[in-house]
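In what comes next, chain A is part of two complexes: it sits with chain B in the first one and with chain C in the second one.
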Partner chain A sequence: MASLFRAYGRGLGVLLLAIAALWILALIVVPLGAMIEQSLWWKDSKGDITLQIDRLYNDMATLQLDAAGETDAARKAGFEAQIAQKQALATELEAQETNPPKTYGLANFTRMSALHFYIFVRTIFYALMVTALALVVCYPMAYAVALASGPRKAIVLTVALIVPYAINELLRVYAWLMILDYRGVINGILAWLGMVDLDNRGWIPFLENPSAVFLAMIYTYVLFMVFPMVNTLETLDRNQIEAARDLGASSFRIHRRVIIPHAKPGIAVGCIMTFMLSAGSYSVPAIMTRGQGGDWFSQLVYRQFYESNNWNMGSAYAVSLLVVCTAFILIMMRLFGVGLRDIAK
Partner chain B sequence: MRGKDVRLDQVSIRFGDSIAVQPLNLTIEAGEFFSILGPSGCGKTTILRTVSGFIEPTIGRVLIGGEDMAGKGPNERPTALIFQNLALFPLMSVAENVAFGLEARGVAKAERLKRAQELLELVALGGYGDKKPSDLSGGQRQRVAIARALAVEPSVLLLDEPLSALDLKLRQHMRAELRAIQKRVGITFIYITHDQGEALAMSDRVAVMSRGRLEQVAAPDTLYAEPATPFVATFVGEQNVIRGTLRRISNGAASVDTPLGPIEGREVGTPAIGAPVLVMVRPERMTLGATRDNSIPVTLKARHLEGPSVNLECVTGGQTLTVTLANGPAMRELPSDLVLGFGREDARVYAEGALAHG
Partner chain C sequence: MSTANDSAGARLILNIYIGLFCLYLFLPLAVMSAAAFNAYDYPSVTQWRGFTLQWFVALAHDGRLIQGLINSVMVALGVIVVSIPCGLAGALILTRLGQRSGTVLYSVLVSPVLTPGIILGISSLIFWREFGVPGGLFVAVMAQSSFIASYAMLLFLARLQRQDRTLEEAALDLGASHMLVFRRITLPFLAPTAFTAAVVAFLQSFENYNTTVFAIGGEWTLVTEIASRLRFGLSPVINVVGVIFVALTLVAATTYVLLSSRKKKAH
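Right, the complex of A and B next:
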């Protein structure tokens, strides 16, 4: 900080710090803080509060009838006192109903149902699968692009990779939907070949299988896996590959000992990005499964917010996912022995 | 380890339309320290990569130890290449680098690390096995590269300007070191350089190349004393070049008419009578004072003291001639009008041809 002041002078230094602080505040602290705060409390509406109020009003109505039919002044006053008392209680309960007291605690996290927890674990597992598959698919691609000889080939490959990304993500997912649907492209071709019978619903239900979601996700997020890898692979001195070959190494050993170690930071970044995107993806599973193939956790979060209208629970779900993703980042960095500095590169 | 001979048989290499190496024949003896010398872009690396198997010759054959290498990849040839930039593996330790070739051959870990240690000791880096290449100096990295290449027990070691990245002092030290290592292991070294001093100092024989063509293959002494072409004559060492017309040849003795007067010399090749020729005289072959064969009066323009020797820059008829003389008291006070003399044997007469410098 002292060096900042020295380099830019006091006024500008303070300004720069203020901008940086604002940046961090606006992008990280505020949204995250709001989400975490939301997840840590719940409205303590004892479920039967409405019932109690209804009962009170019923009682009051009865009492009023009683009071109206009563001639004895003393007993009438007694009824009215009771009504007033119940009215006061009802008002209090009504106030609680419209603005229930907040209770802070971890219950939003611990109250997750067994089914939701299962979906949570399954989503993490699926996201790991997508990441692993994407890695397997993308590594050869990245290698081909990065080491393509001649500028022309590299351009062609890059364009082939980027052009699909000029199309909106939703459109791309819908395209896969059309390909894999019951009466989609693949089933159509199979029917044409006489291998399935569409008229008798003898199609292959691709969409009911989680792998349909995997496929669309890999397709959707390839670029995030490929680009970091291409970036690191491009910095590899090709002479190292040739030296390894010259020393008698097989292609497999060259990849394992020379190329992959060099590409590690890129692989780590690619895996982190793909994992985060797929673990948090809403549109892809929502569109691809259409409720047929089991929910992903992101869909549960969505429902907590917009269907159950329980923002506290929704926030808790979202925070849980965030924690897992953060853990994943740390594990990847540990596993690949890369620091933040390498990733930033 | 035993050296093997390398034979290039009518080898020619093209990249698309451009010819990088013109058809050439070359035999490198087993156990020889052979250098390929030539200016940048003349095709040295291309030849080396052809021998190591990264490039297949467009035409012709490469034979190593008498065996045709057609269709054999770099990993199947008894060669090891040391790259222009060394290409050490930066993420592996020095010992792992050296052991890599053995690892690729499936040698057990303990065995290969033991072998790596022996090789590191051979190149005087015994205590550096655990370091990373980036922790070493340029000369040490150089030696790691050599140890790594030797680990696979190649019959032929190919070195692509391995000293070019080092500073002058280290380069001179490494020359001696390389030569000593070659003597110790006894395998064939093919050494590429564009530094003539390096080639002359280390090699048993040197091939001089220019524009994809072999100009001359000879021992360093022969190359210096009897260059076969104007290119070699001017590329290796210094020359005074005097243009003229060939008047007469008899018995290898050539008489040339030049703007500086008639010159008697030795013909090289067979220039035609009346054709333009180049007369080449090395600066150290000239003396002060007239001689029986050739005498050229000149004006002294500058004196450059080199220490043990003195270079005199003289002019005559618009041409500059340089004389290199042993330093001595006589060199302190020189008159401005001098006569340069040289023997018939010291003037070599070539048919007009390309020179190394312009």
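Right, the complex of A and C next:
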């Protein structure tokens, strides 16, 4: 703190601290806290409250009849006191009915239905698959960009990788939707070859298969896997590769013993980003499946907010997702021995 | 510069792989672009009904998409205004903190980058509702800024690592006020990065969907509007939007390649 004021002076130092504090509080920590809080309570709307209120009004009507037919003043006052008492109780219950009290607990988490829990687990599994596939697909490309090309080719390849990324995420998914749709490009070509019959709905339903989502997802997040690997591979001294080759190592062995070990931090970062993006992706599954293929967990979260209008349950789902992603990040960081500073490059 | 001298066979396989990979990257975009010019009301390249520009005209008359574009630009500008000062302040503080006390702050400030986008959208939506602000453009700006500010901070941090601090110290020794040093030395040094960060922030904001879709409530941006239309079926008008994006990006990319290869030659 003291070094801060020494460097920037008191006025500027305080201003910088204020801006950073505002960022942390208003944009990061408190919203996250609000979401967690929201996930920890619910409001019971019990049907039996309505029933109780109805019964009270019935009783009051009977008492009123009794009071009207009563001539003795003392007993009449007694009836009216009873009516007033029941009226007070009814008003209280009515307030509870329209605005039920909050109950805190973990029920939003434990109440997740078996089907939703299955989708939750499946989404994690799918995200792991996407991550593993993306790693396999991207490694040769990262190697090519970082080590196996001259500077000019490396620039061209880098730009080739960035260009699809600079085009909207959604439009990238859309392009795949066009290709894999019932009347899409592949079915069109197959029809032209006479292998499927589009007029009688004889198309191949690619979009109903989870791999359609995988394909589009890898396409969408490819950059987040390639670039961390390129960054670490570029720091590898090429002489090490040549030395290994001179000593008679095969290409496969060089990759396994020299290049991949060196790329480890990049692999960890790439996997972390890809897993986080795919597990939390709403765009790709929502657009690619259109409700036909299997849901991803993010779609359930969306529905809790915008269809069931159950923000408490939705928050609980979101928190569950966040916990899984955080756990994955921590495990990868531990396994590969990378710190946060390596991730954010 | 020498390349890793793989055997000729391995080299051939790698080149074929690069070719296939580039096909995977660009073929979908080419297909999407081509279909924008097809005179057929389902976006297709296999059923070619002749060249047309009618979908461009349709886009120009599409009020909701145009409004979405305007909203997207406004949100992106809002994000720049919020995230650049935040990122700058975070970076300036972190460079002056010790390794140990800096790490906690660093973790907090970088965490939004590692948080799934939908979580950021949801938490902002809930947070701002407490203040009576429903989902909309404002909440979208706040939700996006939470992680875009982190990106801006990382850019500023990278630049500050290359800073020569003796310059500032000399100015202070010569009696300049902290404010003057900041204005005349620190800010000019960071200005190019601020520009880059603003461009990155704009692009990130413009293309963002996962965070925005939760924070946007009843309003819409270009991207959320496109997404909600895709539920009802495909339309060549969307392809036209795609073509415009592809064209803009290609122009920017070629300029970059030409500039960087010219720079290489100059050296």
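Methods note: the second predicted complex is superposed on the first by the 266 of 345 C-alpha atoms of A that agree within 3 Å, B and C clash if a C-alpha of one lies under 4 Å from a C-alpha of the other, contacts with A are read in each partner's own complex, and residues count from 1 in each chain.
Keep this in mind: a residue touches a chain if its C-beta (ideal position, glycine included) is under 8 Å from a C-beta of that chain, and two chains touch if they have at least 3 such contacts.
This structure is a prediction, so every number in the text was calculated from the model and none was measured.
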item	value
Partner chain in contact with A:192 - chain B first, chain C second, else both or neither	second
Touching partner for A:287 - first (chain B), second (chain C), both, neither	second
Chain B versus chain C as contact partner of A:147, first or second or both or neither	second
Contacts of A:20 with chain B and chain C, given as first, second, both or neither	second
In the superposition, chain B vs chain C on chain A residues touched	C
First, second, both or neither for A:237, with chain B first and chain C second	first
Touched partner set for A:156, first chain B, second chain C, both or neither	second
Touched partner set for A:257, first chain B, second chain C, both or neither	first
Partner chain in contact with A:246 - chain B first, chain C second, else both or neither	first
Residues of chain A at both interfaces, chain B in one complex, chain C in the other	242, 245
Chain A partner contacts - residues on chain B that touch it in the complex	52-54, 73-75, 79-81, 83-85, 87-89, 91-92, 100-101, 103-105, 148-149, 151-152
Residue numbers on chain C that touch chain A, as the complex places them	1-7, 10-11, 14, 17-18, 21-22, 24-26, 28-29, 31-32, 35, 42-47, 85-86, 89-90, 92-93, 96-98, 103, 105-120, 122-127, 130, 142, 145-146, 149-150, 154, 168, 177-179, 182, 203, 206-210, 213-214, 223, 226-227, 230-231, 234, 238-239, 241-242, 245-246, 249-250, 252-253, 256-257, 260-261, 264
Complex contact set, residues of chain A against chain B	237, 239-240, 242-250, 253, 257-258, 261-262
Touching residues on chain A, where the partner in the complex is chain C	3-4, 7-12, 15-17, 19-20, 22-24, 26-32, 34-35, 38, 137, 140-141, 143-144, 147-152, 155-157, 159-164, 166-172, 174-179, 181, 183-185, 188-189, 191-192, 219, 222, 238, 241-242, 245, 251, 272-273, 276-277, 279-283, 286-287, 290, 298, 301-302, 305, 311, 314-315, 318, 321-322, 325, 329, 340-341, 343-345
